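Chain nomenclature is as follows: A, B, C and D, assigned in order of appearance, with residue numbering initiated at 1 for each chain independently.
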Amino acid sequence: MPAATESLVERCREIVEDLSLGEVRRWKEAHPGARAIGYFPVYAPVELIHAAGMLPVGLNGAGDRLDLQYADARFGSFICSIVKTTLEMGLTGLLDPLDGMLFSGICDSARNLAFVFERNLPGKYVDFLHLPQNPSSAASTEFLKGEYRRMGDALEKLGGRKLDDDALRASIAVYNENRKLLRDLYGLRAASPHQVRTSDIYLLQRAGNFLPVETHNELLREGLGSLADGEAKPRDSVRIVIEGAFCEQPPLDLIRLIEDAGCYVLDDDFLLGRRWFTGDVPAYGDPLESLASCYLNHSVYSSVRHDFRNRRHKLLVEKTQRLGAQAVLFLIAKFCEPAYFDYVLFKRELEAAAIPHLLLEFEEKAFTFDRLRTEVETFVESLLFD
Amino acid sequence: MRIAAGVDVGSTQTKAVIVGEDGGIRMLGYALVDTGANVQRAAENGFLAACRESGVEPEGVGYVVGTGYGRYKITFGNTQMTEISCHARGAHYLFPSTRTVIDMGGQDSKAISVGEHGEVLDFVMNDKCAAGTGRFLANAAEVLGIGLEEIGPLSLRARHPVKITTVCTVFVESDILSYLAQGKKPEDVLGGVHLAIARRTVSLARRVPIEPGITMTGGVSRNTGMVRALEEVLGAKMQVSQQAHFAGALGAGLFAIEKMGESFESGIWRASNATPRG
Amino acid sequence: MGETQASEYRGDIHRQQRDLMLRWYQRLEESAHGGPPAVSLMISGNCVELLEAFGAVPLYPEVNALQLAIRHQSLDPILAAEELGYAADNCAYVKADIGALVKGITPTGTELPVPKLVLCNFVGCNTYVKWFEHAAEFQNAPLAMLDVPFLRTAEPRAEDVAYIVCQLKEIVKQLEELTGRRFDYDRFREAVRCSARVEEAWSRIKHLARRTPTPFDAYFDAITLMGPLYVYRGSPEGVEFFELALRELQEKAERGEGIYDQERFRVVMEGPPPYPFFRTFRDMFAAWKATAVASTYSTVGGLWEFGFRHDPDHPFESLAMHMLAHNVTNRNYLQRYDQIRRYVEEWDADAVVIHFVKSCRLFSAGQGDMRGYFTQQLGVPTLYVESDLEDPRYFSEAQIRNRMDAFFEALEHARSTGTLHRGVAAIRHAPGGEIAPAASDRLKILQ
Amino acid sequence: MPHRAAEAERSQAPTALVAGVDVGSSHTKSVLVGWFGEPGVAAGLLSPEEFAARVCILGRGTVRTGVEMEKAAHTALDEACRAAGLGRRAIHYVAATGLGRYSIGFRDIQITEITSDARGAFFVFPHAAAVMDIGSQSTRAIGLGDAGRVRQFKTNDKCAAGSGSFIVRAARYLQVDLESVGDLALEANHPHPISSICAVLAESEIINHVSAGVSVPNILAGIYDSLADRSALLLKRVGQAGELVFIGGVARQQGAVRALERRLKIPVRVPEFCEHVGALGAALLGLKRVLANARFAA
């Protein structure tokens, strides 16, 4: 790996692994009086937060770097880790740099978390968005616009700054840029997976959770430049698509392990909230209308957004075939019910299309992976050995 | 003197305590036997041994309260109570300032919030899995080939405790083996094991309010390493009595005295009631 | 521990209830053979009144799943579903239903129709959406979404109501096309009127439990009444049944009859019951002569004891309001705490029992916090036990009994020392319990 | 386990000698296979039957794994060599498998135990459709594709319920010799179910049964039933249909085999040396590599 890439990736790793939100605190020090708003990962209208002059901070759990001491008592067994680590971070003061938290109804656990959070951290702004799940109704866009407006009003009250349409359009544009850079990064890897390591672009991407989008854009441009001139030789590998880790994130070592075991990842749904729209959001006209209509009609499929017009299991097969992947690897967070459910229909559809797949469950807090390694290796062996 | 007994038939060990009352309540003697395969027999043996220890004739015991997981199997007992009520009561007797009890036994661990008079205000128990119980420790001791009494003191010598993630009592065996294979010292492995269990236990215990006056009971309280690990994770000192292992039986004995009331009727124990030997 | 006493009350309503439910299964079988159209619906905040207007029969997968469990038939379909790829940790209600579908099992042995429409009234539970998506897939039936915004503000917003009303009207159109029947507005209003009467009776029944002793158990007995509540709410049969039930229980109350010869403990229940061990679970309460005076589970279909009724003058809007704000599943978690708190105060309870159900994250995710709220912030004794509502593999009788006994031992002890309080007095209003970790803990972690 | 190479060929030295070493959590197993075909032949060109006809199992070894895995591997391999009457230096290639496969420094390749199990089982029973492997801590079900390829698999994770150590514990508690638990269970007339899923907590249930006067065979049979239930669940998940091969140390116990047959209602095939199947599969895959590279020709 070129040294430039290496140091860039290392910088990102430090940002990502800093549980005390150092980047956020530094940003706040540099912008006295400005607010930072955390959001639970899958989808959040970051443009609104940005346009209100605040720093949106994506929360993707705490990995194995935090011991659960308090949150376990509140959520207990059979609940995924990210819900507990997020609460634990709140309860232990790690989220103190944040002035508010934004949740949406992606699943029952996350939804209840929003309100448990509110009770346990009185004084913080906590909002809960209802993202419409029926995009085919004539009233959906209007409803979502209303929801954004409600949230915008709350932000205005919190930050004391008017949220005007020009600011919003500017925010849309800068996030369009961010998403475009990420799409380029993904495109680069899909074209030459032997040169671009998934774990690297993962870190590059995740660092954006804590940085102002403008800074992240620069970082991504830098990354695109240096990654493009890798020069590794292709190995004997299986080309796969990863599905299922859209919310709680697999440990970095697990992502590396998957690559080392002989998989080339052509696409994944890690950190999906950062790449939510399939294309650019119109940065002209009524910005709330643009955002709402793009959410309803031009967002990526996921296990926590429902659109009965375009069924996910068909979309996954289509994507796998389009990318020329040989197999699908399901990487599902333990106790992530939406992902578990989707697996059933995915499996049926993949089997009908004769696409092999493997299901792995992970927990963000795991750090030994003997069993998972055996499973991935077996899978690779079954596809590679004659 | 009125004499009563408490018998705590645990999954691993059976504890019996004889208490007597004349004016104040005193613990006259206690005994510990392995529960083994015959729960009834263990209860009897424990009871008789405790009588011998106290110099009391079995026939002179007026009331027996059974507790622990095998409590319904005690044929000579007058009544049963759950080990939760008993541990709370026993801990309160040992340390009247007790407000929180952490009990770690062979198969379960629990935390009890206790009121001023030793009454249970709230409690939590672990789920149906041997992860993080005394058995987990016993197993680790076995894998390492070290006596149960020694693992605690040894774990205190850990400089760089390893990180144990497996909670499964069976899987931890291979974790331990692979750490040893990597050349880790037994004390560091044990340190890791103790810390892992302490974290698990404390996270369970936090479901009840942990108030100062924390008393530890149950067999694992004899493990100094575990006591220390718990204190470290809790960030607080615990009170551990020499008799902590007997807290459940003691509590049962105290309830027995209470239930005996005035109508003292001796001779609950009759040799003829005993389970036939052989 | 006391003698276990039979706690179940058997009156006319029980016979009637059984007849009504059998008739429902008959109607479904008729539907399978060209009779009235069937439409799948979720119980939570359901809009059964809409179906009445089409003469359609509601098909409630939840009721089927429940029936399978209570008849000890749930394990096979659950295993069949796991073969299809469902995880051990998916909601077992869904697994039992889908497994039964695939294997052709029905709880009563009667045939079930393929619904004309699988109408996903998404009221609170995200699992519903997956369930209905899968049900439509495995039955090859058309699927529609009725998206109900979650109640995230203290009061529903006008936007929320407008969004639901628009969707309801869209569904009406869709149903007209699918069933070939016309939407009968008058019948719709009539159904809404029936609902309001049923709700009135049901609410009054619930209020009977405020008396000491309570004439019925608002958890175990309430479940008997819940089937008719969902299936017949918008129909004259429903009105007749609930008015009978009210009379019967009122008479019982007037005679001062309780469930036991002497009612010892009054509890509020949170969480669904373990249907595969319904009896066993009930007997554990009976052993201590403890009765449920209120339960959140019985408000899944609707929450009426605090005053809400459907309104025949604004039928669509009242449907929307019901779905949005007047059933436990669409209300936020803190509103549920409040509901339970009101039960403790107004229904004169001694304690709260939380039954954690592994399947249902809607109910159980966060119940540890709820428990903390009641024990630590309000000082109400609260028991927490875990099992499942459908999967028999998660019920550990000895363990639950042990906890139950310990809990009631403690309550008894508290009563004997005069520290057990009831109702308003039970709530100490003494905040200051450990809500967040102490400042010292925070520092330790930040370093 | 069949020795298919013709006797005449066996008297000659093999043209290639490959070892498979399976480092399991309790035992390390080794198998030596010899190739009696032409050196240069590409295994891919032979049918499975032709391939099998040229392979012979020459020796096996088993030792306890203990702490030092590499040492265990050496010892197991030495044992196999002694059984084969060959020296260690005659071995061309070593394929390692099992939990400790990466700790064998002298390996030429590592293969997962799942792939190895599948290949080994297919070699022994060419009509096998699925494999059930129950070792001391692991339980795996493997659905086989063509030529012994892994089509699907499921393993137990996080929980040791239903694995071999469960039996070891039960045997210890009931004071029965591990060698005889399997047969003892066959004497059961009324298997007594075990409800606890936990390998450890089940002990107290066993105690309960003992004190309630349940006979040892009935308790053991109950344990095997619960083990069979768990296995059947895993097997269903890989879509088992057709011939089932049961391997791993627990397959030595007749009680387990019968319970699985009762539960699945199909005959279950158990190779003679059931715990060596993984090592065998590794050796066979190693052999294919060797043939492909014709490395030994020199």
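Criterion: a residue touches a chain if its C-beta (ideal position, glycine included) is under 8 Å from a C-beta of that chain, and two chains touch if they have at least 3 such contacts.
Quick caveat: nothing in here was measured; it's all calculated off a predicted structure.
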| item | value |
| --- | --- |
| Far-end chain from chain C, centres as C-alpha averages | D |
| Most extensive contact between chains (C-beta pair count) | A-C |
| Centroid distance [mean C-alpha coordinates] between chain D and chain A, Å | 42 |
| Centre-to-centre distance between chain C and chain A (centres being mean Cα positions), rounded to whole Å | 35 |
| Where chain B touches two or more other chains at once, by residue number | 69, 127-128, 207 |
| Shared interface positions of chain C, touching two or more other chains | 85, 368, 372, 386, 396, 441 |
| Where chain D touches two or more other chains, by residue | 99, 196-197 |
| Overall pattern in which the protein chains touch one another (line/ring/star/complete/other) | complete |
| Residues of chain D that touch chain B when the two form their complex | 25, 65-69, 99, 103, 137, 158-160, 163, 165-166, 173, 196-201, 203-204, 207-208, 210-211 |
| Of all residues in chain A, those that touch chain B in their complex | 67-70, 72-73, 77, 365-368 |
| Residues on chain B engaged by chain C in the complex (per definition of touch) | 69, 80-85, 113, 115, 117, 119-125, 127-128, 207-210, 235 |
| Chain D - residues contacting chain C, complex | 195-197, 233, 236-237, 239 |
| Residues of chain A that touch chain C when the two form their complex | 20, 66, 69-70, 72-79, 83, 91-94, 105-109, 111-116, 118-121, 127-130, 132-134, 136-140, 142-143, 146-147, 150, 304, 306, 308, 334-335, 337-338, 340-345, 347-348 |
